[in-house]
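Take a look at these structures.
In what comes next, subunit A is part of two complexes: it sits with subunit B in the first one and with subunit C in the second one.
Let's turn to the complex of A and B:
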């Protein structure tokens, strides 16, 4: 099972098992992980599913497209080099991802 | 953050028949109903919550129904809001497939909701997140087989099931739903004609420049769009029961094995009317999402709200049909149910994905007096900025998330984006934001 380790802004860690094919955002929202809002449900319209990805996990992830890149300039907490929108991060069978959620999404 | 038991903080109410009535009943397992339950638990609401819906599905997200779900690129499981475990852990009872037809209430606000099935749902507090339903087409032949609507999951499932037998489709209505569905059907290889009664596309939500842009863009992508379309009737096939086309007022018939009607929605105000709540284009609520009885909350598409835009004229009211409104309004309602009064204020925003056109709207165009168009055809970007007395109030942005984000953030902070500087599409909007 793919696993995502969510650390919130206070440092609380939640380890969530997800399903291959689901996004990191879906995995968080369905299980009520706080810190990810995802108003638009994953259609790359709202930039409220911002996460910081641990550096050594970045190469597990798909390339960022222009739309995601531009949306990341509008996040509530400023983007960093390891910022991604979690709706764009699909899990595969062997995913083991560490992400941190920002202090606020809106 | 979650409540793990049902201990009520207030004394349970007893009905005139002696039954004990506790907890909150949320009627409508919708985006706003789900958000209300989630927000209440996050705020520490300890009483029992029943989230009741009339569909046979777990609460799900609607936006994809006309897009990814219709096209088959996401499955039904992806639309589900929360896992069963989530609801169980948070002590929210989900009730599916029950349609409330009558509510009896005591003077203290508690009562019993009666479902068409005969089931009864007692409550101490009531929330109406009942949404809206598709407006029905009133035209000869509108009840023919093959005339469909697209509001809920069953509508989408029915539509999908019919598609194999469809070569040509007519979409009646050139609004968000109509154009999203038309784009989906076209992508799936159907010949699609859009019939819009009005003089322009998406006329209720965007300004003229944006309408023009979408008209040209959709025609370029292969949709046959007719504006100012007047229809005589829907024409039956030889079997007399299936639809075969749409007859226009000049007598020509646009052939179609499927007619999808997307002409807006009607708010579901019947229960509110029966309860004696004030109703006027939706359930009239105050800034705290409270209906006229001061105790029932009404949230989302069904609520007629004071304009939430900061600085909007006092007394201006609006009914918003959007995910953003359902979510943010529910948060305010959750505070009200907790006994805290928060004003509903914020920057409404909307999105609509049609083919490769990604429209994002920030703010409300109500009362605009001028516009600035930013267009970069080389990069496929297009934005219209709306101004009222020299101040930005809204923007329509197509494939231009930087513009959308800049305007949304500026509005939220009460900042302006001067029109003269914004007119150059090469200028990055967030670099020209001014305070005050």
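Let's turn to the complex of A and C:
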């Protein structure tokens, strides 16, 4: 079972078991994890599913494509080197991801 | 793309969907206050076949979001089809004028939609329009100061601010002539009326001429970009094509045909509605004046409570079910986002305007899924700048006789005719 460990801006951790093939964003939304808004439903149009990925998990992830990179310039909390849009992060069977949600997505 | 009038005669299935004589008070083209009818529809008949427009009217939040999400069953191909079939004169004018536009993106389907949206999205990025922020702000300040200079201390936010600002912005982004705001607004009004209006054959004629002119201008802009290049979105799309992106000149012109309409029309409405609704709740407006950081959340609440587009169409590509009601293949739907946004099942006290509402952003005013409004961030940015500058320059603005504000007749677009304001010396 893939697992995502969500830490919010206040430090509260939620460990969520997901399904391979789902995105980190879908995993959050289906399980009511706060801190991920995902207004557009994954069409790379809103930048409200921004997460910071723990450095040692980055190599588990697919490469960032140009459009994700562009949209990260539109996040409410400024992007950092470990920023990703969680709608683009698909889980595999053995995913074990640690991500932090920003203080706000607005 | 078959016009909805073909199915207008009767409900093909009828099981529970047939409308009662009163249609629960719903009047498809009346926009002044559709909300009591929406509430009754949600309560009494959340999926109602309205034989007057040939559409299944869907009014609950969960049903609407599910339809938006299931693009494989519910196609957007009818989103830009004329609600009232084009009359013979209009048809002739448009044919002779070489009018071949239909949709830039919103009524296209995958894989074509996916291909074109990918190209356009790369040219319409946050970086591209964030650069314009100081320019937009200056434009807002100039417009506001001109309005506030009126010695009679009366203005119209629609006309004096909301009309110009987003139009100048999109014309600049696209590389069109910013001196032609009135012309583009005229074409846009015609587009809204011809597609979503309730026009007679006669009434369509001037609008048909406008659409011919509008489409010619879109095509001309693409030719100019080929000949001269430029630092704008049109030139970027042409350059993408030259670098191998799969997009034709007709498709680029079609994208312009979309953006030179959608890129300002709905933002003019958003800025107008934001001011109208906030000034109608003076204690909440006062909160924004005192703490402008609350403005972005307030804009989402305006989008929820009074969105620019309150209804949008889809077409079932196979037999389907929505909210327990059978929709036959070919059945066309009208998703009432304006109703979904007040659904008590999603929004507690949904009929109340409350800028501190924590889930206002779950509104469906920008749609949901693959067709989610491309311009959502630019629209909100402009509304935010407008409210920030009004709060700074005219914190004591008052709404003048708000009950008298009329709204244009339209199936989808809920547009106030004016937003009259006054202020103390």
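Here is the rule we use: the second predicted complex is superposed on the first by the 106 of 106 C-alpha atoms of A that agree within 3 Å, B and C clash if a C-alpha of one lies under 4 Å from a C-alpha of the other, contacts with A are read in each partner's own complex, and residues count from 1 in each chain.
Just so we're on the same page, a residue touches a chain if its C-beta (ideal position, glycine included) is under 8 Å from a C-beta of that chain, and two chains touch if they have at least 3 such contacts.
The structure displayed is predicted, hence computed values, not measured ones.
On the superposed subunit A, the two partners subunit B and subunit C do not both fit; they clash. In the superposed pair of complexes, A:39 makes contact with subunit B and with subunit C alike. When the shared chain is aligned, no partner comes close enough to touch A:62: not subunit B, not subunit C. Of the two partner chains placed by the overlay, only subunit B lies in contact with A:22; subunit C stays clear of it. When the two complexes are overlaid on their common chain A, residue A:47 makes contact with subunit B and with subunit C alike.
Using the contact criterion defined above for the overlaid structures, shared-chain residue A:31 touches subunit B, although it does not reach subunit C.
Looking at the shared chain after the overlay, A:71 reaches both subunit B and subunit C. Once both structures are laid onto chain A, the subunit B stretch out of 6-14, 60-68, 114-122 or 240-248 that overlaps subunit C is 60-68. Comparing which residues of subunit A touch subunit B with which touch subunit C, the overlap comprises 39-47, 67, 70-71, 73-74. Interface residues of subunit A facing subunit C in the complex, by the touch rule stated above, are 37, 39-48, 66-67, 70-71, 73-74, 106.
Looking at the complex, you find that subunit B touches subunit A at residues 1, 38, 42, 61, 63-64, 67-68, 78-83, 85-86, 89-90, 323-324, 327, 349, 351, 353, 358, 360, 399, 401-402, 404-406, 408-409, 430.
Remark: subunit A residues 22, 26, 29-32, 34, 39-47, 67, 70-71, 73-74 touch subunit B in the complex.
Within the complex, the subunit C residues that touch subunit A are 68-69, 118, 121-122, 125-127, 130, 296-297, 300, 361-362, 366, 368-374, 376-377.
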